[in-house]
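Next up: some structures, all given as structure tokens.
The same chain A turns up in both complexes below, where it pairs with chain B and then with chain C.
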Partner chain A sequence: MSKISPRQLYFFLACVAPVGKLVLLPTHLANIAGNDFLYPLLVQYVIGAAAVFCTLLLVRRGKTLPVLLEEVCGKAVSRILCTLLSLFLFYATLVPLLEQKTFVQSVFYDTLPSLAAFAPFFLFAAYLMAAPLERQGRMWDLLAPVAAVGLAGILVLSFGSADYGALLPAVSMGFKSFSEGTMSATSWFYDSAILLTMLGKVEEEKGIAVKGMLFYLLGGAAVGLFFATFCAVFADTAVNQLFAFSKTSKYFAGITVLGRIDYFFIFLLAMVMAFYCVLPAQAGVDLLVGAFHKPRFLGPAVAVLLAAAYFTVSVSLDYRFGELVKAVTSTSFWVFPVFTVLAPVLLLALRGGRRES
Partner chain B sequence: MKFVSGDLAKTRDALKKLLPAEDILTFPFRAAGGLDFCAVFADPVTDKELLGEQVVRALLPYDGPHRAEEIAKRVTSPELRIERTLEGLAKEVLAGNPVLLFSDMDAAVVVGTKKLFLRSISEPSTDIAVKGPREGFIEDVKVNTSLVRRRLKTEELRIEMLEVGRRSQTTVALCYLEGTAADGVADEVRNKLREIDIDFVADSSYLTHFLSARPYSLIKQVGSTEKPDIFCAKLAEGRVGLLADGSPIALTVPYLFVEDFQSSEDYFVPAYRATFTRLLRLFALLVAIYLPAFYVAAQLFKLQLFPIRLLLTIAGSIRDIPFSPSLEMLIVLFVLEILNEASVRMPKYVGMALSVVGALVLGETAVSAGFVSTPAIIIIAFSGIGLYAVPNLIEETSVVRLAMLLIAGSVGTYGIILATGFILYRLVTTENFGSPLFAPFAPTVGRDLRDSVLKYNMGSLKKRPVSIGSPNRRRMK
Partner chain C sequence: MKAEKFFRTLPMKLSILLFALILFTFFSNDFGLVDIQKTAIILAVGIDKSDDGYTVASQIAVPKGSDRTTGGTSSVEIVTEGATVSDCITQIYARTGWVPKMVFCNLILIGEEAVHEDVFGFLNYFLRNEYMSDSCFLAACEGSACRVISSRSAVADASSLAITGLFSDAAKKAGRVMTITLKDLSIGYYGVSKSGYLPYVRMRLQEGSQSSGEEESGSSTAPQYVYSAEETAILSNGAMVGLLTDSETLAFSLLKGNVFAGTFNAPDEQKGRPVTLTVLSDDGKVELKVGARPEVTLHLDLRVRLCCRGVTAPLEDIAGDSVPDSVLANAEEKLDGDILSLWRKIAAADCDLFGLRRTLYRTSLKEYGRWKETLLTGAAVTRELHVSTTN
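The block that comes next holds the complex of A and B.
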């Protein structure tokens, strides 16, 4: 399988990555920052875009992360750092995974389904995690238009019932809410950490860092438009609307005649989300395999163990998902910037590992 | 390896020992010069009239030297060969070519007077075109190669004859355009064919297993067609083709998934019409696979998916049905599959009766008796029709439809989404002969999208598809 092409990477940044921010984040931010919830999102996207830029600058060195680290710090330290990043990625998978689970249980079933309804996801996740990360590139070629059609469809169906005046006043909650919202939103922004694991697996292109950043911001703009529409549809009741993208379009006038046609777009986004929510774990497994050079044994073994662990966590936290989100967003939120912002910047500053001219 | 000896009787006996079957006959005759001849031939596959006319009659006045080359000059058949090994002679006899032995011979003469039992060239029933050529391949590889040669009158056309199958020794013609075929593909196909160790090849479809990168996958990886015009168009795009003796189905590689949504007729009608029909085929296939599954999932897990009036209608019709929605749908699907299977196998004159029994007795009576509901029959009928919009994928899509139905009945819509994701992932990660199966969608190849589900005008298709990997990119100036 060939390397991930720059086009596939841009598709990921502009179309696939935003989907992970459409489920609980709008409600979560509306809860904390009220009408000001677009500002934390803006800040996160600006920081995220800078991190993406820094990470993609490293693509020019043409080396994988384990090799890059090995040349600077030696084999042992490289393995430790890669393991730490992998552990972070496994941890980062938790929120989107449980988010997906509660979303599926609430939106796709009239009554609370049995655990078996979500169990196939873990088989799917295990299969994906065991596969090399490069294969994902082609999937992004396919998922990007799917995500774009899904999001565009939901927005089009929602515009009729949106009152953008509900976004006013634009500044109402003060700095405390803003900073709290910004900090707690970090748990949804780990894209640059995923990109770190793709180093050496992406084809080089002139200006890839700038283009990548711009595509990431483009995705951010789409998320911002969705957030605004979500708030415009629900106004003050947005804080109670969990699983935002499944609800925004439900007031479409044609639904009484045609049925829930918005579900078609929800299904499209759910499929993209299924791939996106496994991606951090998949990237983590791929990084471990690269660091320890044991692809045949390590990849599938870690993938199966992880899937089993996630299944156990999802079963044991069945009714405590809210508490988990709270724990991640309010107590361990600082872990995210360490790996998503600090790590790329530090790597960029490292003198070693540069390609010989 | 044994060679022919100068002793006619000894060679004849040795050959008969190698070919003990009763239908291997010998015909001894003496020429005017006193030279003894013996023709050895396989009775059912040899044209005895030609043998008498072109060989026996021509040699009766012979009075020349006892040398195969001299004798061959007197035989009036255009297809002649000199053979020295007994194994080679046996092979020729079995292929329908009589061998001519004579006293004090240095080698035997093989005469090409094979008897051909051919059906006439007709339109293939699986690939009917309203506009465009109506010829289809038949079971003879020579006729098929002639159909190809007639369409591609270029010195670049290469036709290599290979033999596959220890017992059947089936002739397989490897066809490609030198300089246009994707680099290395012809070599790879040739190597794969040579590595095949199987005793019998009944049809070209036997070869697909050996040509597939993932032979046990549900996903089709080798293209097939029964029409020479399509076959030649594919060769001209840079593909490599295979024609197997005894099979009217030609194979082509590299195969792209999108090929089966294209019909030869798309190139003979205006581009807008071709685009519309391709989209229609895609829609029909998606409906065929997903409609029964979503209907069951909606009934079992998410009634909101139905508009309220439709929901009331459905509720009314399923009220007295004794089965669960998924079991009901499975029963109807199985009945359809059985009817389909039976109608293909049974004699044509029974077909009408079967339609009456299937449509009226099973359908109408089952609904009025309350076994199954009307919506279930409508959905399965629609799905059944939709599947045939893309006939080349029926084997795969009917299995996927059944799998989706089972998943929908047990897990619901999310299961369908995951299964779809899994299938798409397998599709995009499958490669065969260096070409990604799901190109030009994933990886996206912008230029190739012009002849995918969309169809641009001929003037916009100046270059060959990048996805095939032809070294000769330009096909039109």
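The block that comes next holds the complex of A and C.
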């Protein structure tokens, strides 16, 4: 199977990965940091870009993560560490997956739809999770322009009703809000952990680490612009606006005449989100398969089991999504930097596993 | 070979099939089907205070017919009572078997008694409702909102359609009404200004319509009403604290820079009758500077044209639309009086109608802390008016 090309990787970092930050994160951060919510976002993106840089430096070693770990720590430890990272990725999938579910149920329906409306998504998720990660490259080629058009369309329709003065005063909420916001936002920044599972599956290119980091920051700039516009449209009521990207463009003057034309762009982003929200679990399954030397049954079996588990969780937590988000972002937020920041840095520091010149 | 090719492309085929299925279920919106036999499509709600909580009149659209002679929007009003507005809306289902659908609700009308208390005590229900648009219009009304919602309009199929007709862009540009949506009122309320406004609706019996008998909107003998919203209720901390007259509403609208092609009257001593002027351009703004004490400048620069003299005029006078200097001076004087009256009213009521506290908060937290309580009463106010003609 052909590897993921650098272009496809850049598309992912600049266009696909930002979509996951546009659903609940703006409201969540506005709740904690008020109109200062751009600062926690900025910090997260700077840290995330550094982590992406470190991870992409490992691409040069030309080995998958299980092989890299196996050469340094031995097979048993490698399998344990890969399993831990996979478990983390399965855990990280919870919030975006349920985000997507509540988003679809709230935005695309006038009243609360039946359970059956979202249930087929888990079939789709199982299929995606069972698919090899290399196949994502072609998907990103298709999804990147879709995401770019979706976000650009929403921003263009939102500018008219935005009052960017709402971002002032620049520093009004204090350090506590800033630090709380930064910590709880970690749950949405797991892209470097996904990249770890792609080691050995991405074509090498000179300067891939720097370029990858810059594309990640480019995506961050787009997210920042969206956050600023979101705050500019809703000012002090931003804390009440769940599913941010479905809300900001609805005050476009032409909508009274033309209807909700912004739904076209919302659909585009929702479509990209459908793939992105399953990606961590897909990466986790792929890593497990790689760590246990690709037994044929393992990938599909884990994928089906996981989809069933996510379905069960989504049904049982139907009205407790808020509590789940709180648990993930407040109680166990520290798990995320361990795998998204610390792991790439430690891997980079490993002396073993270097490619021989 | 064929079998091998089939299995090789199977994942792609499967993925396309699954993705199509997902798209189908995601975006179908139940295929847009709304069972109107089981759904109450709410067009507007009127909210009044009652002894035990609230009384809500919900105007529900019902099918009227599909042929040209009977087509249009017909409605039925359901009045419910409860401890909260949510209670009242839920009772619609209990009483009618119809599931209330708020997505088409375009007007929330607040009764006279209810608007004198913090309106967000009940408006928060609508803000929390993910299935309702926060772009719906808000208005206060004289007397009972339920009575206004249940009244029969002389000009439209439903009272709410007649009232929202008053909030058109054209009416707003004419300076006759200051409209507001749920979103904008909540931004004012939850922001540092803690102020807002609502168009104030009054209803009058239509001349020639029957004034006695049953007041049922569905009855053909019910009296018919027309509505006006030229006055504006001003709110501080969510409660109504004053009422702007139609002249003050126009002044407010002019200062906001909203008016284009609106008209107003100015005295003309030479002819002994007032003349009507049309506003061609409206450059209105309110500026705040903070030195030793805050200075507020109410700035208004209008270009006007003569619209009607009110007395017989020679054809040359009609052909050339020059406005005498004395009329321009009188127009300035009149608008100055209206603006002064508007400012005194909002300062006395502590209603930050122009968002001055918000401006101060955004520019200087220190000065905001110093002046936030006394900004409106302690500020030095300057009025800069200039009314000119097109020539």
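By definition in this document, the second predicted complex is superposed on the first by the 356 of 357 C-alpha atoms of A that agree within 3 Å, B and C clash if a C-alpha of one lies under 4 Å from a C-alpha of the other, contacts with A are read in each partner's own complex, and residues count from 1 in each chain.
Everything that follows uses one rule, which is that a contact is a pair of C-beta atoms (placed from the backbone, for glycine too) under 8 Å apart; a residue touches a chain by one contact, two chains touch by 3 or more.
Here the structure is a predicted model, which is why all the values come from computation and not from measurement.
Engineer: Which partner does A:A235 contact after superposing on A: first (chain B), second (chain C), both, neither?
Structural biologist: second
Engineer: Examine A:S106 and indicate which partner it touches, taking first as chain B and second as chain C; both and neither are also allowed.
Structural biologist: Once the two structures are laid over each other on A, A:S106 reaches chain C alone.
Engineer: Examine A:P169 and indicate which partner it touches, taking first as chain B and second as chain C; both and neither are also allowed.
Structural biologist: second
Engineer: For A:G259, select first, second, both or neither according to whether it touches chain B, chain C, the two together, or no partner.
Structural biologist: It touches chain B, and chain C stays clear.
Engineer: Taking the superposition on A as described, I'd like to know which of chain B and chain C A:R60 touches: first, second, both or neither.
Structural biologist: A:R60 contacts neither chain B nor chain C.
Engineer: Touching A:D141 in the superposition: chain B (first), chain C (second), both, neither?
Structural biologist: first
Engineer: Return first, second, both or neither, reflecting whether A:Q8 touches chain B, chain C, both chains, or no partner chain.
Structural biologist: first
Engineer: Under the contact definition given at the top, report the residues of chain A touching chain B in one complex and chain C in the other.
Structural biologist: Common interface on chain A, chain B vs chain C: 104, 108-110, 113, 116-118, 120-121, 124, 127, 131, 135, 267, 270-271, 274.
Engineer: Quick check on the complex: what are the chain A residues that touch chain C?
Structural biologist: These residues of chain A touch chain C: 104, 106, 108-113, 116-118, 120-121, 123-124, 127, 131, 135, 165, 168-169, 172, 234-237, 240, 242, 250-251, 267, 270-271, 274.
Engineer: Could you pull out which chain C residues touch chain A in their complex?
Structural biologist: Contact set of chain C toward chain A: 11, 14-15, 18-19, 21-23, 25-27, 29-30, 34, 99, 101, 103, 127-128, 130-131, 133, 135, 183, 186-187, 190-192, 361-365.
Engineer: Where on chain B is chain A touching in the complex?
Structural biologist: Going through chain B, the ones touching chain A are 301-308, 310, 407, 410-415, 417-418, 420-422, 424-425, 428-429, 431, 436, 438, 441-444.
Engineer: Once bound in the complex, which stretches of chain A touch chain B?
Structural biologist: Counting only chain A, the residues touching chain B are 1, 5, 7-8, 104, 108-110, 113, 116-118, 120-121, 124, 127-128, 131, 135, 137-139, 141-142, 256-260, 263, 267, 270-271, 274-275.
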